[in-house]
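Attaching a single structure in structure tokens format; questions to follow.
Just so it is clear, A, B, C and D label the chains in written order, and each chain counts residues from 1 on its own.
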């Protein structure tokens, strides 16, 4: 093979790793907040992503039927809408269920699993059991080809950019905003946070809803690279949990690092072996490392 | 589920017309209009659920779970066929009553429900299953309890049972002619095979590889890759394909993975303009999820496409849309599922009995001229003689039929030389 | 180093949390049969010291020798089995179990998985439980659920659970916290009785109580030992007065 | 008389005997063989459920990977049965007769070496018990020694379930892939598909389950059981009483794994096949819900939970196929929110006091001489028992 070809493939493979990194990070981020910061094992995370994806579908259908002039531009609005739809749903779920369960983290797992079953059946009953395909703007679907033989997927670029924005936003919010301060205070010491006048209940609800909202954004973004159906969300849930756990649950930076590590591991091993074995190898590595280092890559430094 | 649970026929008159239209080519298929239905004691010697006015059949598909995406079409098509048969007076003068069971995308549940249908409900026939795994799970039960299963999906072959009629194509029927066509039309020499990691794609690829490399000597396989079910990231695979630079990518990826695969393929600049791609796993149903614009120009090898231009099919499509809405699409499996009740009806009437042994024996040689795909005939190995077609995906989600095998292809579930 | 005489010899012990040295190059020697009381202001590192000795916290550097055997690398349960008993600050008993069961599970037999499966509550166990229960004043309450005991009784029960194991070194973290005056007296008597044939380390704030029981007092401050000696000597030490009253 | 009564009261034998009567007498009399076979299948989940009571309820270790052990036990049994079903005569249609059909489809021409020992039933039985237990030991030993918290352990077991599924499906030449190992016929020449065989297997299964429950009751009553309870409450206290706490957790997890594996093997025998759809994440979580519905602290309750959830699933999916997922969802949520101790909890906190009250009023009306003070306090369950629930979960 010519050197130029190898260079191209190398670059595209590097990009594949990066874009998988962005995907993993985006799906892990919401969970890192909900699971990492609050300790809620949100098994319905995938369904909140699906909710975001269906929001895109709704907007694309609306745009096609009523506002054909917006078919190229509705997407950005829809992503914001996806955030708010999932945010609202998360708000309700927190109010109805999660707030009663903060002292029983393992029970949040069962309850949210129930939520995820219910949401899946809702999608099936109200939207339909078949997959749908939102019509995406042309500018999103295609490749950017700087020179012959090198194709960079635009949807990959888009997801990366979005991930960058969302991650930046979350980091800023968590470390610079009042809300972030309240969240960190609540995580560090709930009774004390309460005592100094932080409304921890409100903070919890806000945090959970924001986590779900980010899941919605992730789901919306994934319509460019994946399927939209009642059970699409379940494809992501285990990966999302592993990303967060592997990174060290309480550390947002850890989530970033672990998403990067897992993405590179998987994407490189996939290039050299079959997809199934690559998956097994990646998962095994994660499990073995977690067995050796259960606190994850970046442990939170709290004295127990 | 709404669309199939609460069908809203627009106009009863139109629907009847439609059914009549479908029924037209059926005249002559069997003796219709017998004066009085034969006595139940005569047509049912094995204690099946048959009364003087009714015959009970089962329908066993996944209405929930991951497979509901695929199986919904089959559920609808079977129901349509049964409604049409009932509108024509039923089978041996008895209306068909359906017991619906949900296999819930879970193979043990399929086994449990099939036991229930056969042992408790004593149904005369079951229309159902979609995945190979669910069929494998129920097969011993059908053989043990002597039931009759009409299985609609194209599948890997390597199976033949007295108790099953396979209304979809087995692998060689679907694959070989398609490969020959692509080799001839596209002058393809190198092939890259990609599948989901389970039995059907693996067997299909095995057959394809043998065909390409040793039987028909079409060229060379330059890559063969399998991904776990539900895999969503194909960028590394696409790079592998780019390294291998095959003339043809031959695909058997299923489920949600399909969508990811084609979207990412398009995003990586692999479009129909630059690359020939032949799939055996994408029907009109899957295109709904993938999006026509992401598939446009690629080829699929199937026995049926919704756009097939013949009178039977036009009537079928119209009746289907009348029942399930104008947006409903019909894929290969949906059509094959539609054949099930009709083939069963013909076999029962030929046998003059609902008894499974007699129906199974009578099934061989049954012809069905009213099939939307054209003419089909049951082979002694219980598969169907059928044609294979190449469809080219269009942006609107339909396929344009660009080629059709001149003759019916013989089903060959245990192909010599391909093992 | 010849420290064969000491039951416990802690040398150059250091532990740091993210650079903060909670215990800083500390030396401590405890004699056989000695009742040592450790006092010091909050955050001096008293509880951390006990944690280090019993293995709840891992040391960053230094050595802990118990009966001349190095402990720093041993797992907690092995330290316990070699004869170190530890009572926690808040009463740590099994609230759902009865007093009898609380004492019974502390009996040092059947400590492995299969040993515990095969364990039989025979006469020896019952006798031991009864005598310890009498010792701690709960002899009449064996069938009561431990969660229903008063705070003081819970503290005693935990001490009793340790006595079941007959440890050579008993470490108590604020045993009289939250007790009434009467209970304090009883506890003082109890401690005096049980220290007959074992060494003890007690953390305490109540100076009257300390004076009542201590053989020797160690004053800790900022992870180091500030002073050591008899109660009177320590009380007059200007450094100690400075730490407690100054600033 | 009083002695017998005391004997029954002790170890919760009363409810044990009721369960035994139900599954050994009432069900076989009341049901046809089809339904009974279904109950037999549900009872195999009962093994998993009581295992979860031991490791989750008692040990505080929630495993989301019980399906792995259920599957391993089932596969070990299925491998033996499959080899017996694949004699050269009945497989003569294959290119290599004498090996399982799926191997033939995957172009294997000889039996893989590690399949060889599964020709012998004793080996297969030992494998049923030991392979899952060893795997459980390897997973849990490393993790509990390093004090991995309950939540992380749950997630890692989930990852193990995923790995196992991908492996089984990916290595289909050796495992039968996504189809699993199907079409099992005989056990040492005895046709397991006949009705009489199904009856026998049902009773064997029921007795085995009762035996396992009895064994678990014994474990609970042993010092080990007390220690497990104690650990849930004050883990540090147990540790500093000289116990190697991690080994007790390992034991609880291994015991649960072994019980699941027995269930899996019995499942294979009664249903006639084994497939990776039991190994995955979804079935593993469903198994947890069996225990949760029945009561995570009650062995007997867990069996009822497994029966009830599966009856519900069968009934609702037959009667309201569109609604049953909603019902499952509400079951999950309802149990967690309203009845964290499951059916058994409802029984101890509502039914039992009510019964006692009734008994009391009856006794009062019959013999006014009995002073009311002798009656158990009505309607107020002991507060400490109630407090068990949050305590248990915090301890994980």
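Keep in mind that, in the parts below, a contact is a pair of C-beta atoms (placed from the backbone, for glycine too) under 8 Å apart; a residue touches a chain by one contact, two chains touch by 3 or more.
Note that the coordinates shown come from a computational prediction; the quantities given were computed from them, not determined experimentally.
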The chain whose C-alpha centroid lies farthest from that of subunit A is chain C
Using only protein Cα atoms, the chain sitting most centrally is D
Of A-D and A-B, the pair with more C-beta contacts is A-B
Here the gap between subunit A and subunit C, centre to centre from mean Cα coordinates and rounded to Å, is 49
Rounded to the nearest Å, the gap separating the Cα centres of subunit A and subunit D is 34
CA centroids of subunit A and subunit B: separation to the nearest Å works out as 36
Taking each chain's mean CA coordinate, subunit B and subunit C are separated, in whole Å, by 76
Shared-interface residues of subunit D (touching two or more other chains) are 166, 169-170, 322, 325
Shared-interface residues of subunit A (touching two or more other chains) are 121, 124-125, 274, 276, 279
Listed in rising order, the residues of subunit C that touch subunit D in the complex are 54, 56, 75-77, 80-81, 85-86, 88, 92-97, 101, 104-106, 108, 110-113, 116-119, 121, 145, 147-148, 158, 161, 165
Listed in rising order, the residues of subunit B that touch subunit A in the complex are 1-3, 63-66, 68-69, 72-73, 197, 225-228, 230-233, 235-240, 242-243, 256-260, 263-264, 266-270, 285-294
Residue positions on subunit A within touch of subunit D in the complex are 39, 41, 43, 97, 100-101, 103-107, 109-111, 113-115, 117-118, 120-121, 124-125, 238, 241-242, 245, 249, 274, 276-277, 279-280, 283-284, 286-287, 290-292, 294
Subunit D contacts subunit A in the complex at 62, 64, 139, 142-143, 146-152, 154-156, 158-160, 162-163, 166-167, 169-170, 281, 285, 288-289, 292, 322, 325-326, 328-333, 335-337, 340, 389-390, 393-394, 396
Counting only contacts in the complex, subunit A reaches subunit B at residues 1, 5, 8-9, 12-13, 15-16, 19-20, 23, 121, 124-126, 128-136, 141-143, 145, 151, 153-156, 224-232, 234-236, 266-268, 270-271, 274-276, 279
